[in-house]
Every structure is written in structure tokens, then in C-alpha cells.
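Heads up, the thing below is written out as C-alpha cells.
A, B and C are the chain letters, set down in written order, and residue numbers restart from 1 in every chain.
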Amino acid sequence: MSAPAATSGPNDPTVRPRRRAKRAPAVRRVSAVGPLSIGIVTLWLSIIVLLPLAAVVVKSLDGGLDQFWNAISNRQAVAALRFTLIVSLVVTLINAVAGVLIAWVLVRDEFPGKRFVNALIDLPFALPTIVAGITLLALYGKDSPVGIDVSFTQTAVALALLFVTLPFVVRSVQPVLIEVDKDMEEAAASLGASGPTIFRRIILPNLVPAILSGCGLAFARAVGEFGSIILISGNIPFDTQVTSVYVFKQIESDAPISAAAVSVVLLFISLVVLFLIRSLGRWGARHER
Amino acid sequence: MSAERPGLRTSRPARYTLRFLALGYLAVLLLIPLGVILYRTFEPGIGEVWASITTPAAQSAFQLTLLAAGIAVVLNTIFGVLTALVLVRGRFPGRRFLDALVDLPFAVSPIVVGIALILVYGQTGWFGDTLENAGIQIIFSWPGIVLATVFVSLPFVAREVAPVLREIGDDQEQAAATLGASRWQIFWRITMPAIRWGVAYGVVLTTARAIGEFGAVSVVSGHIQGETQTLTLLVEQRFQNFDLAGAYAASAVLAVIALVTLLAMTLLNPRKDET
Amino acid sequence: MKLRNRISFVALTGVVLALGVSACGGSSDDSSGSSDSGSGGGGATLSLVAYSTPQVVYDEVIPAFKKTTAGADTNFKSSYGASGEQSRAVEAGLSADVVAFSLEPDVTRLVKAKKVAEDWNQNQYKGFVSNSLVSFVVRKGNPKNIKTWDDLLKPGVNVLTPNPFTSGAAKWNLLGGYVAAGGAKDPKAGLAYLDELLSKHVKVQDKSGREALQNFVSGNGDVLLSYEYEAITAQKKGEKNIELVQPQQTILIQNPIATTLTSKDPEKAKAFVDYAWSKPAQEVFASWGYRPVNQEVFDEHKADFPIPTDLYTIDDLGGWSKVNDELFDPEKGSVAAIENKNGVSTEK
């Protein structure tokens, strides 16, 4: 499929190519992806992601709408959902700030061992959650070598989640930070702007889409996390019990419909949050300088 | 690198403060736990660790983990790149929805992932009869493990490649199209070289996630000794059997696999050097 | 760039080599702890699906079985995991010839799903292959001097027990306290005890028994409710700082074993179960702390397995269905009600 490409406007070779997100083109452009690609991707995502999730939704409605409603309005379920969402948001925010900071240091700074530090960041992914759990218990529990005992508290859950979601924002921001055009920073500096101002006004806006992207991933991971939280949180209902543990409980108590229902609600809320984050990101990109 | 265009110049104290804060955060959150894990792993001595990870059970777990991760990486890379292209360069109704769909695998609790797969491919699932008639066993056999692994490691390549695609824009692609290049040529000659580091990065993240998956795999694997046990399941089993040392040893293998891929990533790191 | 390429090449080669080494090594089998399907001639293959703790037992029983005439030429596939999850897996299609779980309802579930015969427990052992008792695990030296269930209610005593809703097996623990407080005759008294125990002395409930033990060993809690054999196995495996205390009033834990209707070789499966009841196998159970159901073996090990003065069984409470409905139903059960009530005060 080909269409005539314009010789003026964004394609004008005399205009210096600028790196920014493309707006809706004023002229007809060749699409790099045709309906076949779109179809394949849709099929792939449908089979791998949608299909199993659809099965969960169907299961949750197995007992009809009132059983669904009963399952999700159960006090323990609601408490677990609320706690999960709040702690995940808090953790995401903390790791967003920390992520930008760490990405900055890794990209713009030089120090011995930087390679090593950079390599370590992804390790939380590879560790089995039970190992993470035992280690966190050893570090932040009763016999803590560093004297911090937060076992069985909401702080413990937050700590476990911080550990697990650390890589996301860092890894999203790093590549963008490297690509960022330094012309404007130089210009602003020569005009007398201070460091923090330059960062806030010029660099940060470019990073926002990447930050939001990383936040989305981190949030999604945090709400679903199970294994690393278990040991150190004590799973106290109405206190430190997260949704994934509540769901597990329902399954073990032979109440799969209830488990499915609560999972569907969590999924739906995550979908909404992710959607919002992406839209925010797109809005931010459109206003990028 | 930073030697070329310093850009924003930070004062010395500012730089040290930032470095201190960042490294401090990492140390508390990451390095200390890792240190504890390393210490506990090698406490019994290298010999013990080696014996622990060369048992037949460990070896078959290692192979299964690599198999599942390998397939997951290949599939998720191919489809991930395609997905990124579709999401960034495509314009069609429902794109936002597809976009959100890509992140969903994380938001599902791992147990639910496993159960969802059983609901679809299990004996009493949607495709249960069809699969049984065809003599194919997915759940409680290695294909189920692969499916679960693919599911949980799906987003990475797409999410690493998409921002790069957005960043580089499609000027060159458009130019090539004007010159008459076919879509495949455009992709292979122009797009791919530009995104290859993003792809590499995504591959490494996918690998780390795939080898570390536990919850979803636990539900669909059936825990058959020497057959459907991955390394993470082996870790859990050893923990159950009061073999903490063995559990740590098996984790060490996972950490090593992750570190090797991380090493590859650091060396292939997208924008560290010239492409 | 060249150097980088070389290094990454080396790294990747390393991975490939490791793969190769493991491929070579992995083809050999050993008899303990791993599947040995494929060795031996045509013979039957039996799939054992069991809960996790007796793995140490079956790792010895299976090879011994293979040495007998009944078990010669048999290959084994074993699967170990949490009792409820294993039961559910079999229900969902995990192939099994013999199932061994930690409590009866996990077999009943399979009876309902038509995977196990209804008369599975019509034999002299009522379908059980091992017994145990609900016991206390305390720190070495028993610093808080805990001997009875009433001691658990002393001010300041922290009790660890897994959550009965995430770990079916943990229900035994609470039932121990329930019967000790007279619940078999007076449910109200039993519930009152559980109420006080759960509200004031159990601060956290781990997902499973093993995790509760891990938590206990990490320094949390003064006493852990557990099974006698868990503690003995743990000690045998190197846990040194724990001590087993047996309260004189407690409930008998009974672990079922059964063959399945879906077995491809029912005779072999039955032979294995029979072997599990036989003297040699029951000796192995005894060595790991499980109370043998085989009376002869039990008598020989009388000294290791003192019988509490006041021993109840689940039958004294009306059987599992009654107990599950009245106490442990997640919506209407009394224990669920206690849990919910406690939540009111801690709900944020």
C-alpha cells in the first residue's frame, strides 16, 4: 500500500528533523503497519491475554450477578482492595521519584562501579519471590541485623513492593534521558537559568511520558504481587492483607467464583488506572516542546 | 556520552548529593538484600552449593526453566516488536485499548493467571475436550508452563521498543517509502537497526522476568518431579523440605542466569555507546 | 565496540556451555527425589500426587517398594505440593494413580469429582496412612513454660498458626484448641476459647505451616501451633532451636491415602497403597515422626509416640463436613465470624 508522500511540511528535508512525537499528520503518510500487522497483533494479544482473562470474567459471573456483588462487597475483600490500591500507588510514586533520581545518576554521572550498579537493578525480577520473601523477613523482621523490625505491618508490605517494582521507572527513563536533546539545556544555561530550573522546565517534561509508562508497569506489578509479601506481612485481614492473598484464600476455601470476582474488579481498576496513565502520557507528549 | 555534550551542568556538591541519595536508596533497598542472599547462599561453602545445583532434579529444572524462558523470549520479542510498531505507527480504532491490554499481564495476580489458563485449556476448560481429543496436554505439562511464562513476560519488549520508535520518528521510513522500498525492506533496513538496542534491552528484561516466574507456573505445572518443575518451583520445594541451603543454591542459579543476560545487556546497552 | 562484541560473545557462549553441561548431566537419574520414568523395562508407571511434607518419607518408600515383587518394574512419577492445591490439581485433570493428602476433605473433593471411589476408606485403616497430633513448638528451653492450651491464653503470649482459610491443614491446629476447651461436648466453650486465642494471642496468620515455622524460627512469636511430625522432621533436618511440647488434650490428625478411579493400572496402585500400610513402609513413616497406623509398628515405637490423656478425633466433632460448614465456612462459619469481628477493631 503506498500513498503519495508530501514534499513539504514534516517531510521537508530542508527542515531539521526534530525528535518529538508525531502529531496527526497534515498530509497522507505511508503507514508502516497495515491491517495484516494490526490483525496479527490483535490476534496475539487476544489469544494470550484476553482469552484467559475473559475466562476469569465468565467464571466470576457463574453464580449470577448477586453472587458477584456479594463477593466483591465482602468487607474483607473491600479492605484488601483498598489497601492494595493505596499501597501500590504510594510505592509507585516513591519509585517514580527514586527512579528518575537513579536514572539521572546512572546516565549523567560517572563513578567507579557504575556498570555493576546498573546491572543490579533488574535483579528483583529474576529472584523467586519466596527467596525475596525470606530475605526481607530476615532483614526487616524480628532478628533484623539493621535493627528495623517492621514485620507484619503495612510498612513491610510497602518495603517488599518497593523492592519488586524498583526497576520499572529507572529502565523506562534511562533510554529517554540518554536521547534527550541537550541543546536546550545549554541554551538555558547560557541564559543564566539555574540547574534545578533547567531540570524542571526543560528536561523533566521530556521525561514525563517515560515516567508515566514506568509508573504504569510498576503499579500493575504492585497490585498483583503475591510471593514476596506473604512472609513479612502476616496477611492480617483488614490490615496487611493484599488482594492477591485474599484471592488465594478464596480459592483455598473452595470459593473460586468469589476469587474470580475480586480478581475481575482489581483487573478493571488496574485497567482504568493504566488507561489514565497512558492518556496522561500522550497528553504530555503532545505538549512536549 | 556525557563527555560530548555536558548539557545541564551540576555543581559538585549537587552531584555528590544526588549520587549519595541514589546509591543510598539502592543500597538499602537492593544491595543489602542481595548481600544477604549471597551470604546465605555461599555460607555452606562452594562445594555444597555445586552439589546442590547439579542434582538431577536441579538440572531438569534448569532445562525446563530455560526452555520456557527461551520460547517466551522468542515469541514475546517477535510479537513485542510488532506490537510496538502497531501501537506507535498505527492509527486505528481501539488502539488505546490494545495499548492498555499490553500492561495487563502484570496486574493479574499470578495465581489467577494460572487458574485462568486452566479455565481455558484445562480438562474441564473451554478447549478441554478439543485438546483431549487431539491428545494434546497443555495444563500440567510443559506447554502450560510455557504459556504461563509467555503471559507474564509479555509487556517488556513492546514497552522498551515503543518509546524508541516514538523518539526516532518515522521520517526515514517515510523517505524510504517514497523511494519505493517495500514494507519489509523498510522494517529490516531502517526500523530494525534503530530499535535493535531497545529490542536487546527488552529481551534481557523478558528473560529475567520469565526465569523468575513462580505463582502462575506453580498452578499449571502439576509439580511433577523431574518433569514439570522449574527452578523457582524447585526453590519452593526445597524450602518446604527444610533445605534452605538448597533453596538458596537454586536461587543462585537463577541470579546467575539473570546476571549473564544483564551482562549481555550492559554490553549491548542501547545508547551507552554509538550504535 | 569490537571488545564489547567479544565479551558479549563470551557471555553468551558461557550460557550455551552451561546449557550443554546440564544437558549431559541431566540424563542420569538417581533414585531419591527425582522422577525415574524411563529406566527399567516395560513396566507400569505410577503417578503419586501427595502433599509436601511426606516427600522425605516417600523418597524412601518408593525405592523400597520397587524392590518388592509387587513393585518390581514400576516407574514412578511423583508430585508434591500443598495438600489443597494438589487435590484441586487432580480434580482439574492432573493424572494420578495414588493420592496422599494431609486431611480427608481433600480426598472427599475427589470423590465428588468422581476421581476416587466412594468406598476408598472402607478398609481396616479407614483410608489413613499416618497420624499425628496437634502440638506446640516452642523455643529451646521453653522459656515461657508453655505446657497446656490454657497457657496459650496467658497475657503476653504470642501464638503463631497458619491461616485456616489459606491452609486447609491449619484447621487441625484450631481444632486442637477447640477440643481442648471442651468443644466436642460444648461448642460454645470451644468457640469462646478460639475467640480469645485468635483475638488476643494470634497476631498474624501465615499462608502455610511451613511459612509459619519459618516465621517462628525468624524470631516471631512465643509458640507455634504445628503438627508433631512437622516439628520432628524439622529437627531431623537441622532446626536446632525448637522444642516440641505435647499438650495432653489434643486432636488426632489423620492423613488419608487412596487410589484413583482414573488410574491406568489400578492393581499396581493398590499394591503400592498396601505397601504403604505394610511394616517396612510404616517404619519409614515412624522414623520421620509420623505416627504409624499399623498397630504393630506403632507398638514398637510406643516410647517415641506417647498418647495424650485426652485425645479426640474429627469424628468426635461430627466429621469434616459438619466442621467445615459450622466452623470454617468462609461466609457463615464461626471462625470466619471471629476473624471478621477482629477486623472491626483493626480496620483502618
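Here, a contact is a pair of C-beta atoms (placed from the backbone, for glycine too) under 8 Å apart; a residue touches a chain by one contact, two chains touch by 3 or more.
Nothing here was measured: the structure is a model prediction, and the numbers come from that model.
Visitor: Could you name the chain whose Cα mean is nearest to the mean of all protein Cα atoms here?
Guide: B
Visitor: Comparing centres built from CA atoms, which chain ends up most distant from subunit B?
Guide: C
Visitor: From the C-alpha centre of subunit A to that of subunit B, how far is it in Å?
Guide: Once rounded, the distance between the two centres reads 15 Å.
Visitor: How many angstrom between the C-alpha centroids of subunit C and subunit B?
Guide: 34
Visitor: Could you work out how far the Cα centre of subunit A sits from that of subunit C, in whole Å?
Guide: Going by mean C-alpha positions, subunit A sits 38 Å from subunit C.
Visitor: Among the residues of subunit A, which ones contact at least 2 other chains?
Guide: Answer for subunit A, listing residues that touch two or more other chains: 134, 138, 248, 251.
Visitor: Subunit B: which residues touch two or more other chains?
Guide: Residue numbers touching two or more other chains: 239, 257, 263.
Visitor: Considering subunit C alone, which of its residues make contact with at least two other chains?
Guide: Expected reply: 85, 214.
Visitor: Once bound in the complex, which stretches of subunit C touch subunit A?
Guide: 84-85, 88, 109, 163, 165-168, 203-207, 211, 214-215, 218-220, 328, 330, 339-340, 342-344, 346-348
Visitor: How about subunit C: which of its residues touch subunit B in the complex?
Guide: 1, 4, 7-8, 11-12, 14-15, 19, 22-23, 25-26, 28-30, 33-37, 47, 52-53, 55-56, 77-81, 85-86, 89, 92-95, 210, 214, 233-234, 237-239
Visitor: Which bits of subunit B are touching subunit A when the two form their complex?
Guide: 2, 5-11, 14-15, 18-19, 21-23, 25-26, 29-34, 36-37, 40, 79, 82-83, 85-86, 89-92, 96, 98-113, 115-117, 119-120, 125-126, 147, 150-151, 154-155, 159-160, 163-164, 166-171, 173-175, 177-178, 183, 186-187, 191, 198, 201, 204-205, 208-209, 211-212, 214-215, 231-232, 235-236, 239, 244, 247-248, 251, 254-255, 257-259, 262-263, 265-266, 270-272
Visitor: Any idea which subunit B residues touch subunit C in the complex?
Guide: 54-57, 59-60, 62-63, 66, 118, 122-124, 128, 139-140, 218-219, 222-227, 237, 239-243, 257, 260-261, 263-264, 267-268, 273-274
Visitor: What residues of subunit A sit close enough to touch subunit B in their complex?
Guide: These residues of subunit A touch subunit B: 2, 5, 10-11, 13, 17, 19-22, 29-34, 37-38, 40-42, 44-45, 48-53, 55-56, 58-59, 98, 101-102, 104-111, 115, 117-132, 134-136, 138-139, 146, 159, 162-163, 166-167, 171-172, 175-176, 178-180, 182, 185-186, 189, 195, 198-199, 203, 209-210, 213, 216-217, 219-221, 223-224, 226-227, 243-244, 247-248, 251, 256, 259-260, 263, 266-267, 270-271, 274-275, 278-279, 285.
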